[in-house]
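What follows is a single structure, written as structure tokens, with notes after it.
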Amino acid sequence: MPRSKKTRSEKVGLPPGSLIPVGEGLSGRSKIKLIHYDEQSLQELDIQQISGCATFIKKTGVTWISFEGIPEASVLEELGLNFGLHPLTLEDILNTDQRPKMEDYGDYLYVVLKMFYNDPTGAGKIKSEQISILFGANFVISFQEQESDTFQAIRERIRNAKGRLRKSGPDYLTHALVDAIVDHYFLILEDMGERIELLEEALVQTPTAGLLSALQGLKKELILLRKSLWPLREMINSLERSESPLISKSSVLYFRDIYDHTIHIIDTLETFRDMLSGMLDIYLSSISNRMNEVMKVLTVIATLFMPLTFIAGIYGMNFKYMPELEWRWGYAMVWAILFTIAGGMLFYFRRKKWW
Amino acid sequence: MPRSKKTRSEKVGLPPGSLIPVGEGLSGRSKIKLIHYDEQSLQELDIQQISGCATFIKKTGVTWISFEGIPEASVLEELGLNFGLHPLTLEDILNTDQRPKMEDYGDYLYVVLKMFYNDPTGAGKIKSEQISILFGANFVISFQEQESDTFQAIRERIRNAKGRLRKSGPDYLTHALVDAIVDHYFLILEDMGERIELLEEALVQTPTAGLLSALQGLKKELILLRKSLWPLREMINSLERSESPLISKSSVLYFRDIYDHTIHIIDTLETFRDMLSGMLDIYLSSISNRMNEVMKVLTVIATLFMPLTFIAGIYGMNFKYMPELEWRWGYAMVWAILFTIAGGMLFYFRRKKWW
Amino acid sequence: MPRSKKTRSEKVGLPPGSLIPVGEGLSGRSKIKLIHYDEQSLQELDIQQISGCATFIKKTGVTWISFEGIPEASVLEELGLNFGLHPLTLEDILNTDQRPKMEDYGDYLYVVLKMFYNDPTGAGKIKSEQISILFGANFVISFQEQESDTFQAIRERIRNAKGRLRKSGPDYLTHALVDAIVDHYFLILEDMGERIELLEEALVQTPTAGLLSALQGLKKELILLRKSLWPLREMINSLERSESPLISKSSVLYFRDIYDHTIHIIDTLETFRDMLSGMLDIYLSSISNRMNEVMKVLTVIATLFMPLTFIAGIYGMNFKYMPELEWRWGYAMVWAILFTIAGGMLFYFRRKKWW
Amino acid sequence: MPRSKKTRSEKVGLPPGSLIPVGEGLSGRSKIKLIHYDEQSLQELDIQQISGCATFIKKTGVTWISFEGIPEASVLEELGLNFGLHPLTLEDILNTDQRPKMEDYGDYLYVVLKMFYNDPTGAGKIKSEQISILFGANFVISFQEQESDTFQAIRERIRNAKGRLRKSGPDYLTHALVDAIVDHYFLILEDMGERIELLEEALVQTPTAGLLSALQGLKKELILLRKSLWPLREMINSLERSESPLISKSSVLYFRDIYDHTIHIIDTLETFRDMLSGMLDIYLSSISNRMNEVMKVLTVIATLFMPLTFIAGIYGMNFKYMPELEWRWGYAMVWAILFTIAGGMLFYFRRKKWW
Amino acid sequence: MPRSKKTRSEKVGLPPGSLIPVGEGLSGRSKIKLIHYDEQSLQELDIQQISGCATFIKKTGVTWISFEGIPEASVLEELGLNFGLHPLTLEDILNTDQRPKMEDYGDYLYVVLKMFYNDPTGAGKIKSEQISILFGANFVISFQEQESDTFQAIRERIRNAKGRLRKSGPDYLTHALVDAIVDHYFLILEDMGERIELLEEALVQTPTAGLLSALQGLKKELILLRKSLWPLREMINSLERSESPLISKSSVLYFRDIYDHTIHIIDTLETFRDMLSGMLDIYLSSISNRMNEVMKVLTVIATLFMPLTFIAGIYGMNFKYMPELEWRWGYAMVWAILFTIAGGMLFYFRRKKWW
């Protein structure tokens, strides 16, 4: 469980709608990019002041404002005033510790979801970033936690005058953004699948305590992913079934497509879960097996040598009157007895399949 | 499970609506505070006699009567007569051993939930307090088990003439009270999350029986929290979906916000649960691992020394005719044999990776 | 699972509505008490012949006929003719091995549920008794398996002319009867809760096989209770939601109150279940822990003394030419070696934290 | 899982409605009995040729044709033509490997369920037989896999001119047939309950591997029963709720009665399941307990005798200069040391409660 | 989990509807067969160019175009233009890594499911192939991953002028195709059932680590099948309940028949799952049992010989004054003591039932 730098508990006692950032990686500074397009024209701007967007609010066509880095509360408030956003929406944007959800505020829809990517440092850990998307009749506003090139491909598709994006409204652009994020999950899952297979092979060969903790680590990542994916599915489902006029009929088909993807992802996650719990069974029973093997060696050795040592002990006694000690073939006889006992024991163990 | 001083069983055989207190910490005495406010005016009173409230019943604006400490049955009855409360409501207020619920009595809604806080004595235990809230067209009545400053921040917000509270009705005040309580859950969860992480680290290092019982203790606290949180979620959901005219449309958005919080809290609880059960697996398999290690040491030692001791025993026998004993290099030869056997054993164990 | 004296299998092949008693404790004889009341008047009778009830059937007010002990088939048939009861109802009354349910026969509602009480012999076992209640527009008929004082308090409340019961109809009397039974569950649960806590304390101190079977005994009692409680909840819910004209609006509130109680009871049962399964985990891992401890003692002792005994064995050999035996300080040297080895071993175990 | 003689795989590639028998025990020959009755008259026939039934098709009253043994495909086809049966119905009748279901074909309802009986050879195994029942406006057709007396009691009830059956239609006859089958389940369950109790007692006394496989055998039978019972419940529920005009209102009450029975049966099965899984826990922990006990004996013995043997070994060394050997009381002193050590060990073990 | 040659991750960043093949076994080349039929006529063609189909689009009767091998993107695009297919449909056809689903595009329905067959190389592995079926008012288009004779039997049934297929529309042909695929599942299940039984017998006789991994292998195949079968059931259910005019009323009955089959298959799968998890329990407890047995042998041997060896050691001591050594019957007395001890031990173990 990632530990937030700023936790929710700091907001205890404050009224709802208080713009206090919650979560980590909140730079306070953000880059703002604006694209305005319709079928014929395209305009791209780097915005410094939120007031720069104001002129686009009443324009036809689609205006996409993307924040890379969560903006400061004051910036957000100004944005809220310009676009008529509800205080609760603004509060949610600042809180990067949310579960995926879709909320219909009438004039606009608010969508929150998580972007997952493998830690570039290669430690095999999954990192997550919260992405908020708002879309109304003629605008889309997206918020990322950090500067990234996640949406770069979509910008390219917008620049291409012949793409479907240029002919469609904010709902289709939103679809494209969500689709780009959900597609990324497949990367995560494929990577995870490979790690699970490697772990399984290692476990079958030599079960060590290290592998167990690797197993637990994978389990935790799965829990993290599931926590985000089940509500994601629900969220996309409610987008698809939403009767909001902001979503056109043809876009519904595309959201259904994403919905299929999320179900596919969840199916895979559940399969991973079953595999991991099967691996724990393998691990535990293979420990038991090894213990069994160790115990058999011990038992065979002890059962073999204890009687022999006892007999040797007998003839090591110092009694004055021990007739066997005087016999000519006494020593040879003892060896004969020892071999007979050892042979019998070994035959018995062999029959019991102990080795 | 907290053991009540007064248990439900004492009410067996009594008709419903009997005002017998159930639960612990029932002082019988309570402090009553009254705040009356509307957008322009504000009035605060400390009430001694319930009849003091009577004049406020027909006033416009919002009247908030808060009881700190469950009042005596007679006080409650008088209150019930003044505000037209159903006997079952009064009975429920006195019973501090309830699960969170919302009941619509037509003229007013009755809401029960639990406030959790960490034991201030620092024993790491969670304590709970039941809070009942009634709200009608122009009043809110809240009941706490003890004097506390839980709602202090809300009183401050009311005193601030410009806050949203002053402009809104009893539904929004109720929202503020519930929100304050739900926000407190985040504190509990963060504290619990930290204790789980500490425990996990300790478990991985050295699994002891003490840690196991700490694990069980955490599990019990989780069970306690879940028992309260699942019905809480349901309760807030039915508030949000309630079609009571007592809840305005704009307040519904705010209740939905709390609903999101409770889902977030429940998600976190379930994650904790998964983590705890994963930790039990770690604990059990680490015990098995250690046993395995111990057994290997035993087996190596026994397998090494039993044959050696046997050979020494052989040449400790007192047979008259044992040719080896007379040999010049007999003793050296025995050492050679011993070293050969020991070396073979060690080589065998090394190949089996037993150490 | 209680073994019935008369089992259902004896009815195989008979048509439905056959009045064959099923279950144990069927005396065949029953005491019949009749109370007729309305707001003004009250009449109490001990009935010998069922025909004695006939005059009350058309009277206004409420007639409550209570059978203590399941009556004979012939008595039941006569009752059925008088009150217009369906043959399936009569069959169900005789079968004391049913799950709680509510059935709407139009003219009357039929309610079956279980009364639980602790075995008075103190063996800590839970006993159950089936209670059937029929109520129509102006009558309530209740059937208990044995004479008991379960409903004594309700009779007292009826005798009290000012109680709510005297002013209400058969639905409220039915509520009172069901409430009395459900209240009894709290006694059972409190007793069970105490036994679970005692068991837990005992388990943590010394896990013995006896405690395990006590644990299993508690589990079985829980299973028994759950088997009865889940359908009880469903039954009361369908009473509350029933649209039968036999249940007045104000009574619905009271049935909702019982519904809350059953949910509370079920919650507690589920908590008990979680606690019991946690206790099994404690038990199992504490056995493993003890085994670990035992193994360590064995290993330490064996690892310590085997090498020492081996060395002693070496110098017990009878070779003619063993130079050490002749040395002046040979014996002292051996002791030195022995102490060195023992010390090394102990140091090694200490570092491994084996004791 | 019973292995079919004729498996479904033999039908792969054939069009639906192909009359290929699937399942075991298909004699190909069947006995056909016909009963025609109404309130006044009764007629019983043994039919050789299916054409013999044709005259009854248009008669009023109820015609019940019962097949004991699945008939040949050609016979079935002729029956289908006469009674207007859908090819899929005919195919289903021949396939004796189905899950219980109810299908409404408009003119008739088709019901499939399983009859269970204990293996008469006494091996304690449960055998099953599929029974198909078709009923329309004036006919009932039933199919059993073998000749049996399952429905003999029902024939007797029909012959009794005063029974309810003679006054009712095909729906009530169907109810009677289904009821007879469901009643049989109670026999199976009681038998199973007894075997579970016997097994439990045996397990508590001495856990052996044989009992474990008996436990697994019971589990498998439970799985088999559950596989049949859950759909049975669903099937009877859909009969009860069916809005087919073929089921009269008064019959619905009787089907509800069977529905109650199936829920009762399923409850009992689930209780059995919980008991069996509890017994596995007992078994496993009792094995652990025994191992613990064995290990303690081993450890006590080894810890006691290893030091003693070591000391004896010391004084068996042959050093020339060992002062103790010459002492007058050396030997007595050694015994004193031995007793001291042994006593100390025993005291230590006693304090650790190892025996 | 089969590893795809082309994974979904290669499509990250592309717009939806991009025709990039995903999955393995994509030849890029495919054989196209066309059958056009109505009740009177039949026409079969091998198509080289998709334009060859164009003339059939407006014809009455049924046109079935089957692709064996996924076609190239360009071919698919042309097909899409001719038959008015949505880009998302085309994308789904190319992606052979989908979960079974049914999608209603208005003019046509799109159905995806998995065909399973046992690996012909005999390794006992299950292989799967994705099959897409599109059907509209007068056409059916099917896509298989490879050339196969799966649908050969259906072609034969079409050629037979009297079969039901020739009289029915595209919905019935689709039913026939789906039925052929679902029937194949029974082959897989029967094969799996036999492997489970063999494994169970082997496990009961000698639990080895190899069997455990065979068990895990079966579990994985089950997971794979379940992942495909649950959505299959859902898919066929939505076909049955679909209100599309493309599915005639009489076909609904046939789809319901397939639905029954899928439920039967899923039931069997779940039974297999329960059996496999029961087998793991057997395996684990049989390991424990064996360890117990081994430990008993070790304990008996050690407990028997340790005291004996100790006594022999005592009389091997070299004290000058050891009276017993001089006794005439000392040696015999020692043997007497040894036999007494050994006998006592054996008697004790026998009473404890250790052998």
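Which chain is which? They are A, B, C, D and E, in the order written, and residues in each are numbered from 1.
One rule holds for everything that comes next: contacts are C-beta pairs under 8 Å (C-beta built on N, C-alpha and C of every residue); 3 or more make two chains touch, one makes a residue touch a chain.
The model shown is predicted, which means the values in this text are computed figures rather than measured ones.
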Show me the overlap between the contact partners of chain B and those of chain E. A
Same residues or different residues where chain B meets chain C? The copies count as same if more than half of the interface numbers are shared. different
Just how far, in Å, is the C-alpha centre of chain D from the one of chain B? 42
Find the geometric centre of each of chain A and chain B from their Cα atoms only, then give the gap between the two centres in Å, rounded to an integer. 26
Listed in rising order, chain A residues that touch 2 or more other chains are 284, 288, 291, 295, 298, 302, 306, 309, 313, 316-318, 322
Round the ring, from chain D on through chain E, what is the full list of chains in order? D, E, A, B, C
Sites on chain B touched by chain C in the complex: 1, 3, 7-9, 11-17, 86, 88, 97-99, 101, 103, 206, 209, 212-213, 216, 219-220, 223-224, 227, 280, 283-284, 287-288, 290-291, 294-295, 297-298, 301-302, 304-306, 308-309, 312-313, 315-318, 322, 324-328, 330-331, 334
Could you please specify the touching residues of chain D with respect to chain C in the complex? 153, 157, 163-165, 175-176, 179-180, 183-184, 186-187, 190, 193, 197, 204, 253-254, 256-257, 260, 263-264, 267-268, 271, 274-275, 278, 281-282, 284-286, 288-289, 291-292, 295-296, 298-299, 302-303, 306-307, 309-310, 313-314, 316-322, 353-354
